[in-house]
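Below is a structure I'd like to ask you about.
Which chain is which? They are A, B and C, in the order written, and residues in each are numbered from 1.
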């Protein structure tokens, strides 16, 4: 199958600073890809390169099979939605949507039809004669999406489109973008630093750090089988608990001497021979309490230090193998700081990383 | 429980409130005292002197402002004086040209500089330095350059280009353009700086959106960026406009109103009648007309700027 | 997955250029657009630089050289005679003492005017932001509006007021006038600056029991260096370049440099000495030019700040 967007060996330098390095990425037709990472990781830069707003230093970009490395943005078959919406403030919504088409000299009837369709899809018909200043943040964002929509393109690029909205609106529009994708079935490339957005929207997530894609996989894999320590720590809130120690056969010895059985762990490429420094990672929701903990391969007595009730669930802090760890339990379970409890987990659901390469074992 | 809380608050209030109150009172006193120069300036100079001038422009004051009320006589005389009418006409013609050219050149220069040019700061420095100089210096340099025999014209003719003519300061029909060249030299850099600040203030993502939409650069400047700079444009117009009405030093230095009275301006007319013409009433009437001109510029602007959204 | 393998596996639709687009977009250094851009910029630069060049070059020539040479030519034997004459012995109407007295008059006017006007405006701005009293905003609005009133409107009554105060024709009168007319823009500058500072600082100082002047001197002033620099540039160049107030209020003895310069050039008797005139012009422009070139970005900030009225 032809890839919708292909990035081949892409590099970008600003002077001596390497922003992107030999980056490869293939995106299938109709796929929703999220570029996720902290600010400064190069995710927006990559998006701007795909859009043609930044000139690359090396490599190629293909969109719908066409090499567009040297093309102007308008000729690449893309539409783009910006964080600040970037609406033209002095034009009405209708003119904002149609401006590009009018400049391109498209027949009036066709323009009208496209604007009408976009307005209908986004439910902004009543707003067409308003100016951006008279719209709410959510409405502006819809208009910005509409401007991409009227271009009738195969690829949509979103540059942190929801970052300027408040939390409530953000979750509403998130659902709408998902619905839009299901309806249009366009390829969408979406940049965000919000992992919830990434996990909920993406078919595949590309986690980036220092201009390099760390892991490209579906949300489930990213969450459950992170390829390295960075991805494991970045995804998940509260983040994964890490215990450092030495791995030797079926046993993991934490730095304080606690022995944790790891016989049930499924290695990526077989267990390392001999003893090796390793990091064990367990997500907060995979640590169990009381009766459930009793059934786990590893269990220990622990004292609850801090309890954070979150409503639907409760977060608790304790110490395992001398290291502070968080775990998550149902809010039905009543626990208090100072309680002595049994905690336990099964490493089969956790992760292990090489302490030196930080790669998943 | 509630009672004790209230009582406690009261207790705290008794111990601090009187001191607090008197302190606020005293502080406000010293604030008022500190603002006294401003209050005096406003009341005496900006309000008082203006009203005084308007009032005495209706008198027949000659050497001293003691004359009796004579209604609009001074104004009738003013508009019957060819020197005043030439002044007004000059100001209108010069003002219109100066405003348009300053804005257009300032905008074009700002757009050019905005094209990520090399040596940007050098270009900016070169364009703005005349603004640091006084109108007197500006006028005198250009007077020398435009000197018909030894300046640019003389030089070109000596070089064999006999047809070359640049005698604008000696030519009543062209003298306004001479003023214009010097005025633009002085002020366009400033306008450029304003416009550039406006251009740079435009959200970068708007530019990106326009590029994705396939809007040509010139079209983006005209249809999107320029309308977004409304605030800067209005500011520029007001500043250039109020500068034009005040036009005085430049004329004194470059042409001193000549040749004849062909480059007179109202500010100079007023000045001459007040301080050497011995007819204060005339001067004051001229000054009042200048004020009226400024009001005609200012009121629409104030309305546009503050009328819609209320006071800031 | 080797690089060549992925390239080959990518289906490339027809009509590609001979060279597969890869890496940075080719950008020829000389495009018509760039040529037009730089030509226009250089052309305008020449317009702006030409007078400065002519001014300096002429001031270094002798009169015969000026009379028979051309205005573009560099001086054959550059000499500073004209500069010396302009400074010490050029005639400004009645006296022939050169520009030196005018220079010192300008210094005597500029320094106190700058200090007084900035201090008063800083206090005004501070009071307007942090110590609002009834009507303070009204006074401020009139002040700003007043800055657009042509000076000629207020000139004559001010002459009468300064006469009443017995300071007409003295340095005090000019200083007073500069303080008055500098007040709107400077007050605006300081008001906007103080308003941009975190108000919690002021409140904290109040809670600590500091009063009007103590907060001003110990909290506000130490944080206001940038705006003082801007105000300083604005006032030094503005007051130095003033002509009108100097000629009206200073009195013949105290004429500032601009007035003296205009007298040297425009009311000189006999044959004009263009080299001396230009030397005098350069000398008069030297102070603001120095301020301009030394302050660099700050000057731009100053004029931009001065521009953002209302």
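What we mean here is this: a contact is a pair of C-beta atoms (placed from the backbone, for glycine too) under 8 Å apart; a residue touches a chain by one contact, two chains touch by 3 or more.
Note that this is a predicted model, so its numbers are computed, not measured.
Colleague: Viewed as a graph of touching chains, is the assembly arranged as a line, ring, star, complete set, or other?
Modeller: complete
Colleague: Hey, which pair has more contacts between C-betas, A-B or B-C?
Modeller: B-C
Colleague: So, what's the distance in Å between the C-alpha centres of chain C and chain A?
Modeller: Comparing mean C-alpha positions, chain C is 52 Å from chain A.
Colleague: Report, in whole Å, the distance between the mean C-alpha point of chain A and the mean C-alpha point of chain B.
Modeller: So the centroids are 54 Å from each other.
Colleague: Calculate how many whole Å lie between the centre of chain B and the centre of chain C, each centre taken as the average of the chain's C-alpha atoms.
Modeller: 14
Colleague: For the complex, which residues does chain A have touching chain C?
Modeller: Answer in residue numbers: 2-3, 6, 8-9, 24, 55-60, 62, 65-71.
Colleague: Can you tell me which positions in chain C touch chain A when the two form their complex?
Modeller: 1, 3, 6-7, 10-13, 16, 20-26
Colleague: Which of the residues in chain B come into contact with chain C in the complex?
Modeller: 23, 26-28, 30-32, 34-35, 37-39, 41-42, 44-50, 52-53, 56, 65, 108-109, 112-113, 115, 117, 123-138, 140-145, 147, 150-152, 154-155, 158-159, 185, 189-190, 193-194, 197, 235-236, 238-239, 242, 245-246, 248-249, 252-253, 256, 266-267, 270-271, 274-275, 280, 283-284, 286-288, 290-291, 294, 298, 302, 305-306, 311
Colleague: Hey, which residues of chain C end up touching chain B in the complex?
Modeller: 37-38, 40-41, 44-45, 47-52, 54-55, 58, 66-67, 70-72, 120, 123-124, 126-128, 131, 133, 136-137, 139-143, 145-146, 148-158, 160-161, 179-180, 183, 187, 211-213, 237, 240-244, 248, 258, 261-262, 265-266, 274, 277-278, 281, 284-285, 288-289, 291-293, 296, 299-300, 303-304, 307-310
Colleague: Considering the complex alone, what residue numbers of chain A touch chain B?
Modeller: Checking each residue of chain A against chain B gives 48, 51-53, 72-75, 78-80, 82-90, 99-100, 103-104, 147, 151, 159.
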